[in-house]
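Shared chain: subunit A. Partners: subunit B in the first complex, subunit C in the second.
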Partner chain A sequence: MSRPTSKVTRYAGTAAALLLLLAMPYYLDAFWLQVGAFVMAAIIGAIGLTVLVGSAGQLSLAHAFFLAVGAYGYAFLAGEPGAGSAGTTLSGPGLPTTVAALLAVALAGAAGLAFSPVAGRLHGLYLGVASLGLVFLGQHVLFNARPVTGGFNGRPIPELSVLGFELTGDEPDLVLLGVPFGARERLWYMALLCAVAAYVVAGRIVRGRPGRALRLMRQNPIAAASMGVPLRRYRAGAFVFSAMYAGVAGILIALTARRVVPDHFGLVLSVEYLAMVVIGGLGSVRGAAVGAAFITGTPLVLSHYGDAIGVFARPGEDGIDAATAVRLLYGAAIVAFVIGSAQKGRPHAITITMDRARRALPGVSRRRLQRQGR
Partner chain B sequence: MRLSLREVSLNFGGVRALDGVSFDVEPGSVHAVIGPNGAGKSSCFNAVCGIYAVGGSIRLGDRELTGLPPHVVAGLGVARAFQNIALGGADTVLDNLMVARHHLTGAGFVSAGLGLRRVRREEHRHRLRVTEIAEFSGLADVLDTPVAELSYGDRKRVEFARALAMEPRVLLLDEPVAGMTYHEKAATVALIRETREVLGVSVVLVEHDMPLVMGLADRITVLDFGRVIADGPPAHVREHPDVLRAYLGAHP
Partner chain C sequence: MNRLIELLAIGVSLGSIYALIAVGFAVIFKGTRVVNFAQGSILLLGAYIVAVLSPHVGFWAALGFGLAAGALGGLALYGLVGLVRHGDHMTLSILTIGADVLLATELARRVGSRVMPTGDPWSDGVLRVAGLTVPHARVAALLSALLVIGLLFVVFQRTAWGVSWRSAAADPEVATLMGIRLRRVRGASWLIGDALATLAGLFLVAFPNTGVEAHTGLLALRAIPAVIIGGLDSPEGAVLGGLAVGVAETLVAGYGDELGFLGQGAGDVTPYLLMILVLLWRPSGLFGSREAVRV
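For the complex of A and B:
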């Protein structure tokens, strides 16, 4: 736990950060605004996962699946019937976009609930492997249910609008303080609003009664049940919560990318989200946000500026090109980050492994370990 | 409220962990369950808490507890302090005690996430009460300390206080002084006595420390190989030939 800083300092810091984020669209170009929107979407998804994996101790590799449910749910529900690419015919009920967005989040939650009988019976690596199945199942559906998903080439994303005002598009024209407010600017604000709301809500849950129950359930399920925590309901609750956060994140990713393709929602994405929450320290909402910013932002930024740096091989030449360099750098940074956070003994970092180790060891060495752990 | 066990039995594969165990815990009494290792003491606790499904009948007042899941049993007023400390290590003492209020509070994912006024009030009210209980248990100074930073004796005490914070009718203490220093033991014994007097809670105690048990308990049930071999006031149990045999291997 962080030392109790004075409330005034903390509020001032938060307010300054928020003001800075609110002012960003006046200074940043379209590329940075897009990176920002992707990062904020990832922050929401990562927060959902850190509550599930870090607080509740339910290892999930299915996050990409729930992200896809949100993204494709929105694309389909808001989509109009019509011709897609590569000769596919798209269907879609063409619902008002806000309704479609809400339904897509609910759909993701329902998918989480549907998976909860499995989640209630398994935990640890077993649950991780079982949840893996969802990713493969999901991708199979995404590639093959062409009228709904558009198949390999995916599906375009309708702009989200409220009462004719596009929250993510250019209609109608809007100029604020001499700056035209186009799609990128609006998207930035919408993503920011969602991310802040997601952050605040998750923080309250984690600090409050559900969070305490989840954490004890992770560390000692029998003790939690003996304190009156209904385990099955809380395991399901954690899954639904995390799936709904993933749903919101999925919609934002879709709106930012303007098109959803099945390739994006593979196992790699699930693992990236796990990396985000491990880097940030499992169970820490703030940590998840930092991890998400790092994992999502770094590759985008490095590959954008990689060419400008000029030390890398051009496509076709021998040597390390920018994209490879980015991957190497990024991989090394993840390892460094995890080692750093584990050694500093942050209270939440790699909590699960530590808990397991402590429980597995007999009394004396367990106590020694606990002392070293702090 | 009276806790009564009637013909409770429990099998693990071919091993009979509990074999027709019957005894009553009178309201407001301190009742010790003793016996050699593997006699079935902890199984008895697990049976009462609903962790194991058992045969026979376990009643709290008029309520049948057998067949109920653990969280429902907890809600009916059965609290338990674990022998091997089962606290959330990274969480503070206060948070650990607040978990015990789970069955007395109602904030869920939605209402907690939205920070409703009802939730904030509930949190505040229960925090006050938990602080009182911490003071009663001698933990007032460490409320904001993560449990993992406490000494073994203090963690044992948090375990006890957490059970108290459930506002139980029956308090199950599984070896509450095991591994404690002399002074810590004395403090815990005083605490158990005070708990019974101030809160009128029935206390069921599993403990190996015989002098402590003899001095503290109103009534003692002795288990051996899952059976009750003696039941009565300390003076009666102390002289019982079966008890001597079970403990000392003495021939009568």
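For the complex of A and C:
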């Protein structure tokens, strides 16, 4: 009889956490709101990756590329033609920003789909190694397609607005309960909304029918195929799904940073996202959120308060600066979590699925299965 | 025409360096089914140690220390991977990514913004033959690669140890029943693989490059297209892939003016483009063993 109560407490916990997050803009200053927006963007990206790597068992190091497609897709589609920095001329169709955002997400998905002839045929490790190529090719395009991307110095990001109301800007003025709702506050709510939606959708997919098919495909492709799972389509589908999540995350990152530069979307970013999903436990949506918060939040906070703490070297000094410390930390975290999770001797996920399936059966047949020791 | 031949010569010599790294990848993957993403930082470790020691003990002694450090680094990685008993290969490869982040960050911090010359005997000398100009260091790289890889293949094919290595790679369980010590053979794969990477690193930082830099390790990633093109589990394919990548990269960079529409630094990304094209055509690379799965 403990199940209903635990369910109630769980719902209450979720509701309390959501309320807390909703109230945050009333208490936090601009810096923390910005950190929060970055973290929520990373959470969306990491959830997309954990479904691909954890559930489908397809290692991808191309996540930075799809983040870039989202970010630059939005910047270009919503951007007006004009002069960029360092003598470049920017072009852009200047679409309404909401349309541009939706198209950018579709573009990221299309980029994933375009890679699917490779992604659908390769599995696991091979894909991971091959997807490395996308990051380098993507960065090359970002540096060189100057009219679209602005080249080395990047391009500014137009504010996202619906019918004249800026969701990420200061226009028009808005004051709620005595607190002015400027760009940072609005961005916080935008990001929160996207993150919650991403979390719920991914959770349903992972726990539902497609998730089961993906997990079976990871553990035993032959069994999955004989159960009627179209392997190629599911592999490609998982790739497109994760690319679209990355697209949303990329747009949010762009809106928060207000300018995108090609340097940001390198291999390091891909590895960071991989670290997020490994730390959270491969395939766990909640874990990916926690990992994303840790990996994205820590360096921002450490570099902001680094001087106050006084442990880290300033740029140019000998010793460990904040960025290096964080890299060492998450490198160690990957090693520790992989070794740690292997020591635990986790039961095969397929047993877990069987357990769940059995629990879902009506009482009589469940007991019969138990008698038979299955 | 002359320019083409010269570029080809330089491309082949660069390709031989990539081939060394790629064979290292392939040996480790074939032996233990793990992609060693830490190859780059091991390469940097070896080159860094050579650069630090060579002013004190001379280049050749430093080279010995560097190679030993790389090989031991490989063994240490094998020990780390061995901690995970029943991990699948993807998890183990992710583990090496973690190790790579750790080692590369620490080394990058130590190197800082310096460029550390290794004090190699070739310095900036160039060889002029029949109108071709090729750096001494690259000639040395080509010869060493030929020698080392040739020797390795002879060992794999002809010696008793080579037979045990190949059988352990082909079927670990049967090999164990035949009395082959898996741990030893696998450890040797890592040792050889990372020693090869270290040797390649040494030539990679030599002329026309200027020395060990913080991001030298990233250069090892160029060998990944090489090993994928050849097929991950085929050391022979890795040699061919390495040469193909080296030549393609040098040609695109060399004809950069004519290929201006590809943008600046197109040579650096040519290997990756080539890799994706080959994968579309043959998903397991040119010589990789296909998995025959029928449902």
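Note that in this section the second predicted complex is superposed on the first by the 305 of 374 C-alpha atoms of A that agree within 3 Å, B and C clash if a C-alpha of one lies under 4 Å from a C-alpha of the other, contacts with A are read in each partner's own complex, and residues count from 1 in each chain.
Criterion: contacts are C-beta pairs under 8 Å (C-beta built on N, C-alpha and C of every residue); 3 or more make two chains touch, one makes a residue touch a chain.
Being a predicted model, the structure only gives us computed values, none of them experimental.
In the superposition on chain A, A:230 makes contact with subunit B only, not with subunit C. Of the two partner chains placed by the overlay, neither subunit B nor subunit C lies in contact with A:299. Legend: residue contacts after superposition of the two complexes on their common chain; A:208 is shown touching subunit B, with no touch to subunit C. In the superposed pair of complexes, A:156 makes contact with neither subunit B nor subunit C.
Look at A:147: by the touch rule set out above, it reaches neither subunit B nor subunit C. In the superposition on chain A, A:241 makes contact with subunit B only, not with subunit C.
Within the superposed three-chain model, A:96 lies out of touch with both subunit B and subunit C [touch as defined at top]. By the touch criterion defined above, A:216 reaches subunit B but does not reach subunit C. 222, 225-226 are the residues of subunit A that lie in the contact sets of both subunit B and subunit C, per the superposition on chain A.
Per the touch definition, subunit A reaches subunit B in the complex via residues 1, 200-202, 204-205, 208-213, 215-216, 219-220, 222-231, 237, 241, 347-348, 351, 355, 358, 363, 367, 370, 373-374.
Every residue of subunit C that touches subunit A in the complex is listed here, in rising order: 35, 80, 83-87, 89-95, 97-102, 105-106, 108-109, 218, 221, 224-225, 228, 232, 262-266, 268-269, 272-273, 275-276, 279-280, 283-284, 293, 295.
Subunit A makes touch with subunit C in their complex at residues 53, 57, 59, 117-118, 121-122, 124-126, 128-130, 132-134, 136-137, 140-141, 143-145, 221-222, 225-226, 267, 271, 274-275, 278, 282, 320, 324, 327-328, 330-335, 338-339, 342, 345. Subunit B contributes residues 49-51, 69-71, 73-75, 79-80, 82, 86-92, 95-96, 98-103, 105, 107-109, 112-115, 119, 123, 146, 148-149, 152, 162, 166, 179 to its touches with subunit A in the complex.
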